[in-house]
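Next up: some structures, all given as structure tokens.
Look at the two complexes coming up: subunit A is in both, with subunit B in one and subunit C in the other.
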Partner chain A sequence: MFASFKDKIGEAVLPGDVFTLELPSPENKAKAEKLICGPGLRRDGDNVSVCKCGVLRHKPPNVFWIDSQQKRYVPVKGEAVIGIVTAKSGDIFKVDVGGSELASLSYLAFEGATKRNRPNVQVGDLVFGQFLIANKDMEPELVCIDSCGRANGMGVFGEGGLLFRVSLGLVRRLLVPQSELLAELSALFPCELVVGLNGRVWVKAASTQHTLILANLLQSAENMTAKQRQQLFRKVADGAL
Partner chain B sequence: MKDTPLSNCERQFLLKTIEERKRLDGRETYDYRNIKITFGVDYGFCMVDLGKTKVMSQVSCELATPKETRPSEGMLFTTVELSPMASPAFEANKQSELLVKLNRQLERCLRTSKCFDMESLCIVSGEKVWRINVDVHVLNHDGNLMDAVSIVAITSLSHFRRPEVSIQGQEFTVHTAEERDPIPLSIYHMPISVSFAFFQQGSYLLVDPNDSEEKVMEGLLVIAMNKHREICFIQSSGGIMLLKKQVTRCSDIASVKVLEITELIQKALEKDRKARKDDDKFSFAESLPKEQITAQKLKEAPLEKMDIQETASEIINKANISPSTQGEHSPVLHAGGVGQVGEGITSSWGLEEDIEEEGEMEEKTTVKKTKRKGDVIVISDSEEEDIVVLN
Partner chain C sequence: MDVNEHEVSPATREFGCEQNLLSRPDGSATFIQGNTNVLAGVYGPAEVKVSKEIYDRATLEVLIQPKIGLPGVRERAREQCVRETCEAALLSSLHPRSSLSLILQEVHDDGSLLACCLNAACMALMDAGLPMSCLFCGITCVISTEGQIITDPTLQQEKESRAQMTFAIDSIEKRVMMSSTKGSISVQELQEAIALSQRASERIFQFYRDSVHRRYSKIQ
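This part shows the complex of A and B:
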């Protein structure tokens, strides 16, 4: 059924490319499989059409998506992002997450927060949270707790550190389990790293110089091959240690 | 749409790095970002990249009636436009404070400083003069727009050529470029502005602030100067108190920077002139790097199927020749008409040096003191850690 997909895995696809599904005949409906379309793929009747340019990826058994490079962030439900608090109004905070609209964040959506015990959040602070509501017709809503009411790493950022922007593709590369880039980076200097799926990265190392180096390395690692990157990292390690 | 706000974390970090005499992009206190000047096919078109800041300018001319107060002088009009493409903070067709400031400063920079001969633009006194329009568009905003705008405006003015006019009695004819070569404006001097950002009540200063540095700065001092060290305008904003010593120091720095930039502009103009004269390749499209996947291509050889047997041994012998020697090379040409500094130079912001320096600091300071005796202020020397405290 996924034959047309299977040939193209790992190859570049462009918007407008169409995959046809060879649907099984109605008699043996029991054998029909489910297909899960990830970002960049859209169902179009009996076909699946591509709506982003990038590389077609596959995760067995039936998940397909397109790995694309872009800078603009579109909120997606459940994604963890770094936001900047821009306003405090009544019982909600307005948070800039880099999307087309500001997200709202209730003051009760923090661990241990009650009506009496308000979290200490100032305008301009950074928060790490996940989307509870994110669709194109509604204002996105952030929360800093998981479904059990635990912070689970989310909440307001502490003092210090540097926030900078990278492309969404690099962020996803950083967040891949056993990411090479992350492993190489953490071998350089001990550091705290928070990666938001909206392309914002917060880094804090022992000194400002180390923080600066890490930030610049991450930003320049975007368009490097693994070999070039390792060479650069080795150079930094030799020079700095 | 609103611009991304600056978080407290970024602000604190920036101020801390400035205190430690470092910058986010690895520059030294007095360093400019890379400047790249590109010209277009038409005369009077110029594009300037100052790091990520990008501005474009087109100079045009038209016939107009002069002002009654100055009947024998041409006119100069400058307009700066901030398109929403440059930054989400800019709105189309909206007069913002920044836009008014840029327009006013550019006008002061060019018109009030009398940087070119206005009287040569007169055709018939009191009736017809040339009106020169300078249209500057900001394509990308990453701080220090004023410097980029002043560079692009004066460069496109120097690049511009107007049609020649001949006068017989009361009649005059405007010749097209085919009939007679268009003539350049007579530029007296090139006013170039240099911006200084001040932090912590003026205790720290930075040259050529970028967008994030502009967001945290407390005061801004803009000095426009030509290479003869004549100040064309000076503007201090942000309500910061500056000492006389600070201003004179800034003007010293500005004079060095202006000299460097003027040299760069002249180099770029010269290169473009030469490329045009030699019918070489010029213009903007040529200056873009060609990203080719294939550097070599092979010509298709017609396949001959006759007497395969005989030639087989020959082919085997020939096969030792590596295919690369047969490939036809198409090297990437470096374009004319592009003057730029710093492209391809690796940033020397000292991943290694800075940390090493910490240990050797004491030795170095003694060396520096002896070096300084030469009394020549080399401001752009990024090797030295200049002392920036001004008061």
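This part shows the complex of A and C:
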């Protein structure tokens, strides 16, 4: 059934490309398989059509999606992002997450927060949270607690560190399990790294100099092959910067 | 170039492009056809002014900046052609209440400017990763005083022509999405020009595919 997908895995596809599903005929009692379409793929009658330009990816057994190099973030439910608090109004904060609308964040959505005990959040602070509501028709809503009410790494950022933007593709490459890039980076300098899926990365190393080097390395790793990157990192490790 | 190839697909000038060359916009591209060159930048989906908000789809705004001076009536007419083509290709209902802005800067005009604007726009929209139902390309044809149809003309050829037509063609069924004509054309000439443009579009779509392949070859 997935034959038309199988020969295109790992290849670049363009909007308008169509994959046909060879559906088993009703007489044939073969069990119908399920197909899960991720970002960039749309069902169009009996076909699946591509609506984004990128590389077709597959996760066995039946998940397909398109990996593209975008810069603009579109909020998705459950994704963890770094936001900047831009306004305080009554009992909600307005947070800029890089999407088309500001996200709202309730002051009760922090660990240990109650009506009496408000969290200490000022305009201009950075917060790390996840989307509780994110769909095209509604205002996105952030929370800084998980479903059990624990912070679980989320909340307001402390002093120091540096925030910068990279492409969404690089962020996803950093977040894959056993990311090579992340391993190479952490081998260079010990650092704290917060990666938001909206393309924002926050780094804090032992000194300002190290923080800046790490930020520059990450930004330049964007358009490098693995070999070029390793060469650069080796140079830095030898003290070239 | 092969002589045979000329017979198969109508002659066009050499074309080239570069994607993601600007750092600030969400998507950018430059498209070169011969000496004609257009630079495109796309911002969006971004916040929209309340007065321009559409509740069930994104608001698309197209701006064309001429090489010299302020945009005038001619640019406005081109903007409308590009906007309506892009609106047909984009799945704007996936980003309601947001704005998409497409800015096209003319770098050099040596004929077929509207076609080049359309091609640059498509490349920039692809780079921005906006959802599209199909791709599109623009092709300009002129009919010379001898009645010969020339695709992708230069400025000189445009000036010497009797009539000029620009078509936007979609990538799936190669149908005409938009047409803009100037001068008098017979029905037969129009149909011939459309058929020629459809054949020329195949080369542009192949070029789109090749450039995307090259761009994504680095990331494994």
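As a working rule, the second predicted complex is superposed on the first by the 236 of 241 C-alpha atoms of A that agree within 3 Å, B and C clash if a C-alpha of one lies under 4 Å from a C-alpha of the other, contacts with A are read in each partner's own complex, and residues count from 1 in each chain.
Quick note on the criterion: contacts are C-beta pairs under 8 Å (C-beta built on N, C-alpha and C of every residue); 3 or more make two chains touch, one makes a residue touch a chain.
This one's a predicted model, so the numbers in the text were calculated from it and none came from an experiment.
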Partner chain in contact with A:Leu14 - subunit B first, subunit C second, else both or neither: second
Contacts of A:Val236 with subunit B and subunit C, given as first, second, both or neither: first
Subunit B versus subunit C as contact partner of A:Leu126, first or second or both or neither: first
First (subunit B), second (subunit C), both or neither touched by A:Glu111: neither
Which superposed partner A:Thr211 touches (first subunit B, second subunit C, both, neither): first
Partner chain(s) touched by A:Asp96 [first = subunit B, second = subunit C, both, neither]: first
Touching partner for A:Gly160 - first (subunit B), second (subunit C), both, neither: first
Intersection of the subunit A residues that touch subunit B with those that touch subunit C: 100
Subunit C-touching residues of subunit A, taken from the complex the two chains share: 10-12, 14-16, 18, 40, 42, 49, 51-55, 67-72, 74, 99-101, 136-137, 169, 173, 223, 225
Parts of subunit A lying in touch with subunit B, wherever the complex brings them together: 84, 86, 96, 98, 100, 122, 124-126, 157, 159-163, 202, 208-209, 211-213, 215-216, 235-236, 238-240
Residues of subunit C defined as touching subunit A within the complex: 20, 25-27, 43-48, 89, 91, 94-99, 126-135, 170-172, 208-209, 212-213, 215-220
Complex interface listing, subunit B residues touching subunit A: 1, 4-13, 16-17, 20, 22, 24-26, 351-356
